[in-house]
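After this come two complexes, each holding chain A, first together with chain B and then together with chain C.
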Partner chain A sequence: MILRTFSNLCAQSQACFRSARAKSTLSAVIDETGKSGLILKSLSTDIFENLALEDWIHNHVDLQNRNMLFLWSNAPAVVIGRHQNPWQECNLQVMRQKGIPLARRRSGGGTVFHDLGNVNLTFFTSKKNYDRHRNLQVVTSALKGLRPDMDVRATERFDILLNGQHKISGTAAKLGRTAAYHHCTLLCSADRALLSAVLKSTCQGIKSNATQSVPSPVKNLLDEDPTLDCDTIMDSVASQYNTEFGFSSPVTLVDPSDELSLPGIQRMARELLAWEWTFGRTPKFSICTTFELKNDTSICNATLNMDIKNGIIETCDIEVPSDWLPVELSREFSLHLIGGKLCPYETSVIAAEFLRTIPQNKELERKMYNLCRRVVFMM
Partner chain B sequence: MAAVTRGSFTFIRRLLLAHRYKLCCSRVQTGRPDYTRHPHTVFIPQLCSSRFFHTSYVTSGPILPFKLSDIGEGIMEVTVKEWYVKEGDKVSQFDSICEVQSDKASVTITSRYDGVIKKLYYEVDATALVGTPLVDIETEPEVVHEEDVVETPAMSNDEHTHQEIKGHKTQATPAVRRLAMENNIKLSEVVGTGRDGRILKEDILNFLAKQTGAILPPTPFHEIQPPPPAASLPVVSRPVFTGKDSTEHLKGFHKAMVKTMTAALKIPHFGYKDEVDLTRLVQLRKELKGLSEARGVKLSYMPFFIKAASLGLLHFPILNASVDEAVQNITYKASHNIGLAMDTSQGLLVPNVKNVQLLSVFEIAVELNRMQTLGATGQLGTADLTGGTFTLSNIGSIGGTYAKPVILPPEVAIGALGKIQVLPRFNSRDEVVKAHVMNVSWSADHRIIDGATMARFSNLWRDYLENPASMVLDLK
Partner chain C sequence: MAMRVAFRCLTANFSPVLIQRSRPVQISANRLLWKANPAQSLSTASRLSTALKFTDKHEWVRVEGGIGTVGISKFAQEALGDVVYCGLPEVGQKLEQMEEFGALESVKAASELYSPLTGEVTEINTELAVNPGLVNKSCYEVGWLIKMTIDNPAELDGLMDDCSYEKFIKSLDE
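Let's turn to the complex of A and B:
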């Protein structure tokens, strides 16, 4: 498989720079090559840059008579589907501790864990040529090409199962006005311990209509056969893609941070990074849970009820037994949280300010501090 | 009106089309078009307020149901996940209307028509069937002309109307194409300013204005022009400010700050200000900076200020105390948890360094570095933000000399540090020398602290900083 960089491709299509209309360089280059099939591979392992590149291609490249395959992988990140609830899907505390970012993609589907041992494949087509089964066949044929006796099968739900039981690939798709893309993961050598740790939510009592992930047992292809590493698999899929669709495209490397050839991409990556997109786009939900409050001498049970819309706390009711903490205090604290983001940092700041103005009594302070800590922990 | 000639009729028809475009986009009607330069003009008063011309009539726009089209793969139903519009919103063709989901695929549904949303057929999370109406859109009213029939080829009302001209694909809605065709404009010559280089009606109008020299109605956000001057009096056109006040409900952090500051100002403050000569400290820091950076820590002046404050508090523990609400009891806090007011992305936060009495200057620097990193990314936690007993504010890093800081309850004292200025000062030999001077402004709770205490504390703090070597004697 010939690897060519984008600049090489440009050199071969000098005509793009003479184009009269102000077109983006990558789009122009693709048009000028006149090819109907193209394979791109990302030079970046940043989840936001890569997702932005997917969007960019979807919005700017003319896919009416053209297909594209995009190969990419990322440093550890958790990616949730367009309509999912991150509090329900993953362990945000562990992710914060380990510095694993959360990203919300624009396609539907469930939550996945990405790391460098996971390969992502995106198939871009026109809306007419959107065919997920055909794309998955490319993947299964590619794998069978490497190991003919490996049992890999695509299911009705567009998963790929190894030996009929372990999931090695999940799928999601996005359809726009005229174009569509279908992307899927492929587990080659991902960190399974980390995967299980981050994909288990600790937030209880969530009531939501968000799309819920369906957990499945997973396995790495590397465990099945040590010769199956990410690069081998990517090459094989690219090759099979050419065969299946009758193209002869080499793999071209793309830098998703190149603003000159991809105008507007940095703004797109910033949008994907913003809290308003990642957390703020969560469908309306409510939290209803009880928790324990402890201090040196006593324990009690408190309840928390919150309604959250667009990631902002709309209503909040924290009830603590009046013998443990004065009712006015917990009520006032609840009122302070309304209108704020469901974010531990913002809540910490509000709690810190709130704690300044409560009556100065060591025991009361400690109890109130415990309550604040506990509420922040839930976020 | 027999005087209307064909030339002026064409001109007026253009105006009407432009006017219709204006109406459709709900822009502000701004005065009458200037006809004076056109030789055959008939002045038609109230053109903009009237929608009737004698050879044309207006039909009301039909309300068209926009059906959910086939998604592919034999999918018959989807779940509506998010609406981007609501009833009464204006939409243009290709604007996003809603997001639906089916079987792991998220689909953006875009509008087929320009118009106003009249009805949404489904709620969020409802199941919508393919082929059933999704929204009702009231499309634009048509202005039909009986005279001057222009032969135009039948326009298909496809979603993608592409036109291949010289190998370029130009995108434009059918309405725009008609406008161009009627005015004999080649779309390839017009620069599109819409999404994906799409040609909008504005682009055609701009092109027309340049090409024919025709005077078109002024753009909507033009200044309101006074009537043409009859006499030679110069009339000053006053720009009208169209900004609006906006009111927001105070919430979250700001609400909490209001409470804190209201409580703070109940404390009777007194102020004490002084000047500190930091020449020797500047020298010391220069020497130690390299060593600190070798250990991976950025060393500023703050660790010295904080440590000196802690050494001072050992002698004046009343400044590290707290009173209860009824001001009956005073609690002397054992730990020196010295807070540093920081300007972060979340606003003004005051994280504190715990137990400064046990830390070395280097260790304080390490803590400050950690808090600054967290502050920059908006990730300071409850532990860092609570439990402070004394505060320093380095407002001088932004600017300023003297300040009047407000005590942060439940503390009883606070210091604000101005900027370090290089100023001439007299030394002990009556010579004028270059000195690095910083101003400090202290505020304290006058209910329990008196001026003398504050002055003595300030002097001690100042002495440590003016002569850093003396800190070595008292370091534990």
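Let's turn to the complex of A and C:
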């Protein structure tokens, strides 16, 4: 596959003179190539930059008579679907410990783990030409082109299964005004242990109408054949894409942080990164759970009931047996949490302030501290 | 066509009470039609939708008493497949015409919703939180999405009536 950078693409097209004066945007350059099929590959491994680039292409490139394929992979990240609940879908504590960010994409579907061993493919078309099965056929044909005996098949739910058993690819899509995009993952050599660890929620007692993931056993293509690495697979998919649609596009490298070629993209990445989007767009839900409180001498069971809307705690009722902690204290603490984010950092600050108000009593302080810590841990 | 438009202008000026009274007559006429010829169910459906205006994004709006009820068309719900989640705006949210106001999710695809008019959201269909499939089962009636004020009634003139919308859908196949 011939790799070109974006600046090469400029030079190839008539726009090279224009870009000498004032650098053209990506969409202008694409229009001027006159090509009806293009393949782009991201230079970035940042999930937010890459999701922003998807949105940018969807919003700015004329896709009425044009198809585009975008190839990208990311440093470890968990990506949830548009209408999902991150507390329900993944292990936020482990993610925080390991510095794995949470991203919410604008397409539907379930939760996936990305790392550099996972390839992402986005197929951009007009709404009229939106055809997920055809896109997945590009992928399965590309894989069979590399290994003719490989048993890879797309299902009705747009998953790709290896040997009829293991999921190697999941799909999601977004339909806009006049254009659509369909993206899918492809597990080549992802860290499966880490995948299992982060995709397991530990938050109990959630009641929600958010869309839920359907867990599936997964496998890496590398497990099937050690010579199948991400680059080989990306090249093969790009080739097959050209064959399937009758294009002859080289793979053009794009830098998603290039504000000059992609005006507005940095703001889009910031929006995707913001708490208000990743956590705040969670559909309304409630938590109703019991948990243990321990100290040196005794244990008791406490209950927590919360309603959360836009990621903000709307109602909160923490009940602790009165012989463990005075009722007024747990009630006061509950009230302090209302209006705050369901966020361990913010709640820790509120808890620390609250602990300072408690009358000097070592045992009471320790019990209250335990309660605060337990509640923060749930977030 | 002109007569129908004139009639609609008149009804838009009627008080809500008058409009309420006229509805039962319309419904029983439809029931007679149904009994007379079940094969004419298509025309009955289109009779229901004569009060609707459509956008080219396949949303409809029905105006009653200065409030617009918004939903998606039969064509749209069929293309979507089974709706599993309705992402709707908040009551009080102000919308510009053609502004994105939410999304419907079906089989892993999120389909954006575009406001047919400029106005403020007065109500959202809370039934859809527990039964999003209503959008498929009854897209013109109980599967409505939002209700909104109509800040600029002239915008309605730019929308399609049912005949124009039918023609529009046919042209998409070509």
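In this section, the second predicted complex is superposed on the first by the 369 of 379 C-alpha atoms of A that agree within 3 Å, B and C clash if a C-alpha of one lies under 4 Å from a C-alpha of the other, contacts with A are read in each partner's own complex, and residues count from 1 in each chain.
Simple rule for what comes next: contacts are C-beta pairs under 8 Å (C-beta built on N, C-alpha and C of every residue); 3 or more make two chains touch, one makes a residue touch a chain.
A quick note: this is a predicted structure, and the numbers were derived from the prediction, not measured.
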Fit or clash - chain C, chain B, common chain A: clash
First, second, both or neither for A:Ser348, with chain B first and chain C second: first
Which of chain B and chain C A:Cys188 touches, first, second, both or neither: neither
Chain B or chain C, by number of chain A residues touched: B
Partner chain(s) touched by A:Val79 [first = chain B, second = chain C, both, neither]: neither
Partner chain in contact with A:Val112 - chain B first, chain C second, else both or neither: neither
Partner chain in contact with A:Leu371 - chain B first, chain C second, else both or neither: neither
Partner chain in contact with A:Leu69 - chain B first, chain C second, else both or neither: neither
Which superposed partner A:Gly340 touches (first chain B, second chain C, both, neither): first
First (chain B), second (chain C), both or neither touched by A:Val237: neither
Clash-bearing segment of chain B, relative to chain C, as chosen among 8-16, 134-142 or 314-322: 134-142
Where chain A meets both chain C and chain B, residue numbers: 81-83, 106-110, 128, 157-158, 171-177, 209, 211, 283-284
Parts of chain B lying in touch with chain A, wherever the complex brings them together: 71-73, 81-82, 94, 99, 101-108, 110, 124-125, 159-160, 168-169, 196-197, 249, 251-253, 255-257, 259-260, 263, 322-325, 331, 346-347, 349-350, 378-382, 385-386, 408-410
Residue ranges of chain A touching chain C (in the complex, touch as defined): 81-83, 106-110, 128, 157-158, 171-177, 209-211, 283-284
Chain A contact footprint on chain C (complex, rising order): 57, 84-85, 87, 103, 105-112, 114, 129-130, 172
Chain A residues touching chain B - in the complex, by the definition given at the top: 20-23, 60, 62, 81-83, 96, 106-110, 127-128, 130-132, 157-158, 171-178, 180, 182, 209, 211, 283-284, 336-341, 344-346, 348-357, 359-361, 369, 372-373, 376
